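Report on the following structure.
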């Protein structure tokens, strides 16, 4: 049963296209997704996830379960960076540790989308309000990262950039990804049944195809980063590989304690165990130009993302099935 | 009136800031091009991947009088160096219509 | 009833995404649609509108109603610039008045598409031949604008550019937008049932999703133009704001007199009351390099488009419902 | 009956949009598909064809018919360049003759896709395994072209580039188009019913719309090449025009002899009679920088592609219907 | 043989016309790049918005002999000025393979 | 230390090879821009059509010391000429942050 669950994950085109992308890097193919198309796929994905979540919220309403999820997500994305910073700071500079900590406090929307596709394949129901939780996990992580760097940075350089703090704060709430995701969520909610009817084919039916192309690009990106891992060093690679399973155990336990359904538990676990490689690195790059972003992508994309897509999702689900 | 061309390579995340800095120096015209691939010693290969905003760079250039040019370079040097950017100055023989 | 009709307009995702785009500009978000994607959305939209119109024409045939619509559309797009020129020329130069007049003689395809989505939401039928009318409203407006500038321009400069006239005339018929719209209309007609069956999912089902993304970009564009309104001056802003309701009253009256159905009347009104911000400005920019295009977009996009999307469509429909 | 079959081909939007693209070139319209969008359409098409083929293989399994098709396709794409080289070398240089021969040994995926759309319109069944054959026709053609140039090139220049041979060989198997097509085929097969269910709307329903836009771009491209034909000279133009019908006769005879169904026979014929204008020219340009690629596109795109789309498909099918 | 590089910034609507003008001057080679953002005093900020063709500009450059260059500049000046374009001339030290 | 800018126009198919050649010459930094349109006498008009990889060209530039520059040019000349490419050298007055 366990093996078959894990193998079923590989029957999803999206997962397979991820490996095709990796293969393309290994065989040095010139296969590539043009940058504006990649951006379009990413816009589609955020639009899609947001609308679907909003529609579900429209049906479920803001019940106590929704509020619990939101509370867990916001606190976790704020607290995880604090916990991780002190591990990371053992080997990394203040700037790098802060940037990486923020990254791991936040989430990967496509890992979330892949997990929802996996659950649909398993006929396992889940609450659309999980998206609301996800949408609220980027800003706190960015703010936590900034506070950590502030607190720990003794040089006066940070002083000179202090005028910048508000600027970065606004960026944490209004950067393109966050705004599109939150905006789509709200629109999905407000547009209610009219919106649901109009957008169904765009949002539900072509979703798996678009996700497959997106994952093809993710495979290309992750493949290139894996080649850069040698430079990144054993410490960060270990961190990136151990973070998902370690935090997932916590996530599953917490979901169990809070009485989540099995589907919600998997999504909550994925939110905790995944790391941001779009919004948070972009915001941290702006806020902390001194951070060496070249270790961030190999970690978040090359290791953590790959782990979650290939093993994490079915593994977490397998564990959840044992306890639920 | 001797003119110079200042070309700056900068991560897209800092483009907006750079333009504000340029305008703060009294620059009234600039042009920005997308870089689709590049390499340097500080941050290695940059492939301008659409999904990853932090891997994208731009080339901004402005044509200015030599005098202003010197001030601009001096003021921008720390800004650019801190962000791993590049600045190149070349001589312009003649120009029409620039701001 | 009136308020609910107006509010229902805001339940459409497309309208809501327009406001999300505007919001993004206000909060200085870095949200953006890459330019080639924007162009793709625009190609999709013209393709979609054209094909749907052609299919409808295939079913209805060229009856007298179709011919009436075409006649109204062609005449209006030629005559409106003449009427507007003399108002505009009071404050604007010959070149600018001509360019703006042509812009307002023509139409905005996405305003039209939004109106059709609105009618579908209201279960109000409308004729696909309206698209045929729309497709014929760009060329006459461009030609009228050129004639106006010719007639009113006393400098000999226009002489030197006279070799250019044929060039511009061809551009008015064969510019990319016009050709794609007319071409898709003809193809939708010629391909008949085969085409209808093959293209249905592409043309009908994902339409609202694509329109929503298009409108998100329109919100970004309009938002930026609204910031430029201060520079444009009170005269042009008033013109841009008063044109739609004023011309809509005429449009409704005319539709009533000609015995249009309620749905057709709304579309005819929208065609008259909307302004072009793609094809006509592009053609006028080529024909009249002296025109100051920087006032055109704030007017057509910032004010007129925004007015029609936010208030115009439900308002005109409300009035139509009273009389029909 | 014959005329009606040919005319029915023109009822397909994809074919009509091809002509709209050509018309746009003739009337010097500025209509264009942005390059990254064109690449996206091409990625979609290969993805689509591959997935569909893989799904069909999943249902049919690797029976003897499949193996026959694969054998025919691989041998033909390797042998056709040899046969063509000696004709082409009468007028063209070794480099040019080799590059053109390789091009004609390979295939045009969109011609294939248009033929499948045509068959669906005729309610004529065909085997999805034909895609497997197609996917294997690029590499042998490239290898044959390289061998031909090697064998016939007396200058020592080829020596200096010999280190390059492995590089080009790898390119022939792993260039972006081949990898995406083969990869999608395998994924379609591996993902089986899960994949089929998930991808159906993306792969089947919006296919005709995407194909129409792709063909619009093909019309623009072919139109521009036709203008360049004068420079190309009578010999190459004749070759490009005579290749499809000549080789089609062979293809039909072979299909008949091997007991293909009527649908499979048309697809096999199209594979033989079409020429590559993406993967093979790109690989040959890399392998043989001395080749004058400016004659290749007018031939493969301007003449051969246009012939097959406009006349070839219905004509071959008409002949097949007589004998089957 | 002294070479110069002439760079021209022009609205995309006039690109075709500009190329014809260049060819009319005897120019046989040119290269065009997309500008994705720019600012000048005449038309303000240009953001290269995909939906709005009139907001898109290009950078065209051509390498020519100094003599031809002077003629080209003289001939293009009114064309470019009228359309709000920009022209920049710089010196080229060496070139291979240009047309 | 005198600096030069070497600009190379090359078909995208050869971009990877070119970059390897540059690195082989000891070049540590380069920047590549997409060309969306161009014309030369050897291969006529190039329109950068997305569907046709062989019609797309890139502009690669690198800033190097004059001494290295001469070696690079000499080594690249046959590579570029064989592939129908273009190479342009200009003088750089000043530079910050280049690799």
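Read from first to last, the chains carry the letters A, B, C, D, E and F; within each, the first residue is number 1.
FYI, contacts are C-beta pairs under 8 Å (C-beta built on N, C-alpha and C of every residue); 3 or more make two chains touch, one makes a residue touch a chain.
Just so it is clear, the model here is predicted, and its values are computed rather than measured.
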**Asked** In the chain contact graph, what is the shortest path length, in steps, from chain B to chain D?
**Response** 2
**Item:** Result of counting contacting C-beta pairs for C-D and A-B, higher pair
**Value:** C-D
**Fill in**
Relative to chain F, the most remote chain by C-alpha centroid is chain C
**Item:** Chain at maximum distance from chain A, centres defined as averaged CA atoms
**Value:** E
**Interchain centroid distance [CA atoms averaged], chain B/chain C, Å** = 39
**Fill in**
Whole-angstrom distance, CA centroid of chain D to CA centroid of chain F, is 33
**Request:** Round to the nearest whole Å and give the separation of the Cα centres of chain C and chain F.
**Result:** 45
**Item:** Contacts with 2+ other chains: residues of chain A
**Value:** 30, 33-37, 39-40, 201, 205-206
**Complete:** Contacts with two or more other chains occur in chain B at residues 33-34, 36, 50, 84, 90-91
**Item:** Parts of chain F lying in touch with chain E, wherever the complex brings them together
**Value:** 4, 9, 33-42, 57, 59, 73, 77, 80-81, 84-91
**Request:** State the interface residues of chain A toward chain D in the complex, per the touch definition above.
**Result:** 8, 10-13, 16-17, 20, 23-24, 27-37, 40, 117, 121, 201, 205-206, 208-210, 212-213
**Complete:** Per the touch rule, the chain F residues reaching chain D in their complex are 11, 13-14, 36, 43-44, 47-56, 82-84
**Request:** Can you check the complex and tell me which residues of chain C touch chain E?
**Result:** 33-42, 214, 217-218, 221, 224, 228, 277-278, 281-282, 285-286, 289-290, 293-294, 297
**Message:** Help me check something: in the complex, which residues belonging to chain C touch chain D?
**Reply:** 35-37, 39-40, 43-44, 47, 51, 170-171, 173-176, 179-180, 183-184, 187-188, 190-192, 194-195, 198-199, 201-203, 205-206
